[in-house]
């Protein structure tokens, strides 16, 4: 019996869209409740799937159907240890960002329609096992994102939205090329990931297609020279969209690297390893430095994402068990921490209507609860042990150190930089004498705390006992690791089994 | 009887001349009514020519049918449509000159062509009796040409009805 | 009967106190202190029986798989060996006492519960460090302490100086911690284990990779440099005095900064295996001890003097570690924890009583603050190395080790000992003796909750040195060296020199400062250049600001500019290029391609316009044309 | 034949040309019909004359006969149309009822 649970998860938001679409005029207020109910339903379904999730390395809950048989396009969804944490994260962040979206006051119906469409796109991206289907969902994500930034964004929203759209679209075109190359390079011609994974591509072919995919994903991650859409998009997007962007969309890139680049082209991954190390380290250090130079709170967090996603890439570049696990943990954890930071930026912006850190000061006395939570998330972000950020960074660094100690040592500069920019941020906003301008500022309210508490729980939980996450991802990653480092070659390099 | 023959010849040529003059009149006369009368005259002259070439029955038909029937129809119509004598109404449109050139060219080209062609079949003995009797005509009409004749009958019937339908006054709606 | 696994609870009680105080601080209000103190007391209650057990000869160890790294599982647990037991004793005792002291000191503070929450969190971190059985857990708790240090230094965050100081402290230690983290990575890569218990064997197994061992040892030592404020990362500690005085006493004197020394002790198998690493450690420690002592000579802020003194004493301990005398270092750590905590609490009491921290405004406080003065005197004597107080025994051990290790170290440390005695008594004399220099200050003795801990610590300062003395047959050393037979040489030359230097320093201080500041200033004028060096702390802060911090930020701004101009410029340039290209192709499209199309259309229209003339709708016109055409065709056709 | 065939042909040619001019120039629809009758008669003259000299004299006469009948039919329909147009548009001037234009 095949389970349809994943399809339910993917397409439930569409039901919400339908309901919102039939809302009578002037009842836009109700849209948010419908959206919340929908995201909660998705969350519930995710929990159901979670209860069915088995700790094995294979694809689970697979569902197959013909879609466009003429081209061998199928509708295949399934999950494993790589995608399920991302689905969980998506479902969770969607709920939280939906609550955070209650502050949206204009064109609510459209907003929530786009928002739910975005959720469908994200979930589909993580769950599809057919390259064509994946590409479709991947592009589906772009459209609502474009409108969400372009309509509800800040002053330069159009620029940011267009930049985001074009940039990622340009990248995904390379990916499409890669997908087509894989399609035509495989026998029989298919988009089915599971079949393609068993193909024996030549190294030359792998290299080219690896790069095509890499470019597409690198822009999404974003990896160093392709990151400039990120600060603009983040700064201009409304708070919940920034949260989704940071927490989920960036992960789509690294998820794609794991799912496609590594799974399909393991040889090319080894060939590309040095370049990935360089890109990762440059991204970490560069992102950290640029974040340090920011005075805009949101932009700083955005650049910190560049730095932190560099750690994910570093873990991926290590191409060993620890590194992969670390990358996975870092992906998840960055979603929760940076999501939380963006929510906090939004909380402050809603009240003060400015994000310029130099305009603040001394808020710790004025808004103590906010200050506490901000410090909490900052500490998590700078990798304070006991919070989840540390686990990811530690495992990534451990993995990286085994392969390239010097690069990893340089990457550690990123930790110092993270401490620098976050502490400067805390000092500028929370410490020092209170700027009298903000003596009327109110503390964070219950709804906002409610959006942050689940994240804090996750951050502490993973930070204190990381196995809760790792045991879910480990079987799949071990399988992937076997693919990347086949044991027979290891043995033969040592001396060979008899 | 060469004199008689000559006289007949003169008569025929005269008929032709009169016919042409009348035809010019029928075409150019501004008053339609006059034009109609000129046409009637032309038809009569042609009937004369028919007779002169031994087609007496056709000549009679020409006079009966055309002059008697068609002309009456035309004259009635002219009267029905009115505004006949309006002097300010031009009878000719502006392309007369072109038409004249074209027609002139046609005549000036075909005419000499006809004259140059020397080998026109000739039927001697002008005194020869008419070739065809009315009886012959009737017989062949009912035998050899019965199909076109019947078709013509149907056509005429259709025309009759059609003309009535077209010309009938619309019922006030 | 206390079962061993209750050791997990030792750090958990303070954590619980932290959680309660931070979440429900507004409800518990003034009772927050009792929650924290109670938690600490409970920790003591569990810890001490275990310590007794350790003294009795057992080693408690337990671990569980914590993090699956793939091939190996990283295990977490506790390890209670003599080393840990020593620290545990110091931390629980001093920590509890200082928290009791803080009740009085912090009374009426607006963020009273927050303060105790942080202290509890700190206790959690420190106890975690002490009982952890591997480097990673050690590091994690270590960072928690760092966070508490940050939060507590910035406790008066309305002050810009405090805000700067806490940031500086965190960042500076962070630099060291990154080294520490790299050291952990290196160690794991080298030895495949992070456990203290397995470290010795692992190092023995990898004896061949000498370079790697040295690098690992030095990277781990980076953590010590940061946390224990060794040169060149010592700059944060003096600034850390912005925090409330109990914090200075607990974190920045007695426990946290000493954890760096503890780290070296934990990593000792590595250092033993690498002579180069040991030498670097010895050099760093010695240089730190001497330079900090020099700076302390001229400091005028009572807490700054103590801060530099702390740095100097930490340098002592580190130097001892480098000289191969791990036990001596830990011994000094323990004694130092008592007398330095006492000094800070005494200083806090003075500040509490006078409202100033400036030495130049004090003087003549002895009669007004008897308890404080007496305990302060005891502590000063202890740190100056006057027998039989605690400081003497431990310092003597270190000097002895340095004497064996190398003369240069010995001389430097001896000089430091002299300077220590001098600046401590300069401090004591200027504060308590002579005449009051500022008539506006009406000093008063502090409440019992403050003086009580002072006396307990004073007793401690007198007594804790004795177990390590030859009077007790070096019981303490044997305890730490359990399992190894070691000799306890007694070098009377060193001992007497040390006593003499200490007494000389004390005497000089009395001579110079008995009559107030005059003599000292005169001396400063005659020794203008050294005085300036000392006053300006060797210009290290300035050098960092000029050569590190500013370039650091400049680089950040440069890269940001680069990002905006070049990287983003490239993107936007690509966009603009595409736009330009599309304009060109748009022009081409509009005027050439579409132009052709339009031309064809226009031409067609033109022709149509001509031909339309024929289309008059005028039937005779058509007829004319037809006729003319027929004639025409016939004309040419027939011919 | 009393007169040479070519003379009759010339006559019919001229008649035809005149009729043609009439068809092409008359503004009045009835005038055009009149001119058409001229054309038809010119043709008839030809037919009859050729029949006179041909081996089978019947065909020509029959054609003429049918032409006359058709002419009558055409006249009837044409005039009916003229009447109808006149009724609707109140004119029979062809250049005023250029319905075919565009």
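Letters A, B, C and D mark the chains in the order given here, with residues in each chain numbered from 1 onward.
FYI, a residue touches a chain if its C-beta (ideal position, glycine included) is under 8 Å from a C-beta of that chain, and two chains touch if they have at least 3 such contacts.
This one's a predicted model, so the numbers in the text were calculated from it and none came from an experiment.
More inter-chain C-beta contacts link the pair A-C than the other of C-D and A-C.
Inter-chain centre distance (chain C to chain D, centres taken as mean C-alpha positions): 122 Å.
Between the CA-based centres of chain A and chain C the separation comes to 32 Å, rounded to the whole angstrom. Between chain B and chain D, the centres computed from C-alpha atoms are 7 Å apart. In whole angstrom, the spacing between the mean C-alpha positions of chain A and chain B is 99. Multi-chain contact residues, meaning those touching two or more other chains, occur in chain C at positions 618, 620, 624, 627.
The residues of chain D that reach two or more other chains are 20, 24-26, 94-95, listed in rising order.
Looking at chain A, no residue sits in touch with two or more other chains. Taken pairwise by the contact criterion, the protein chains fit none of the simple patterns, being neither a path, a ring, a star nor fully connected.
Residues 22, 65-71, 136, 139-144, 147, 150-151, 154, 157-160, 162-164, 166-167, 170-171, 174-175, 178, 181-182, 185-186, 188-189, 552-553, 555-557, 559-560, 563, 567-568, 570-571, 575 of chain C are the ones that touch chain A when the two sit in their complex.
Across the complex, chain B is touched by residues 618, 620-621, 624, 627-628, 631, 635 of chain C.
Within the complex formed with chain D, the residues of chain B that make contact are 5, 8-9, 12-13, 16, 19-20, 23-24, 26-28, 32, 35-36, 39, 42-43, 46, 49-50, 52-55, 57-58, 61-62, 65-66, 69-70, 73-74, 77-78, 80-81, 89-93, 95-96, 98-100, 102-104, 106-107, 110-111, 114-115, 117, 120-123, 126, 131-132, 136-137, 140-141, 144-145, 148, 152, 155-156, 159-160, 162-164, 166-167, 169-170.
Interface residues of chain B, counted against chain C in their complex, comprise 93, 95, 98-99, 102-103, 105-106, 109.
By the touch criterion given at the top, residues 20, 23-26, 32, 94-95, 98-102 of chain D touch chain C in their complex.
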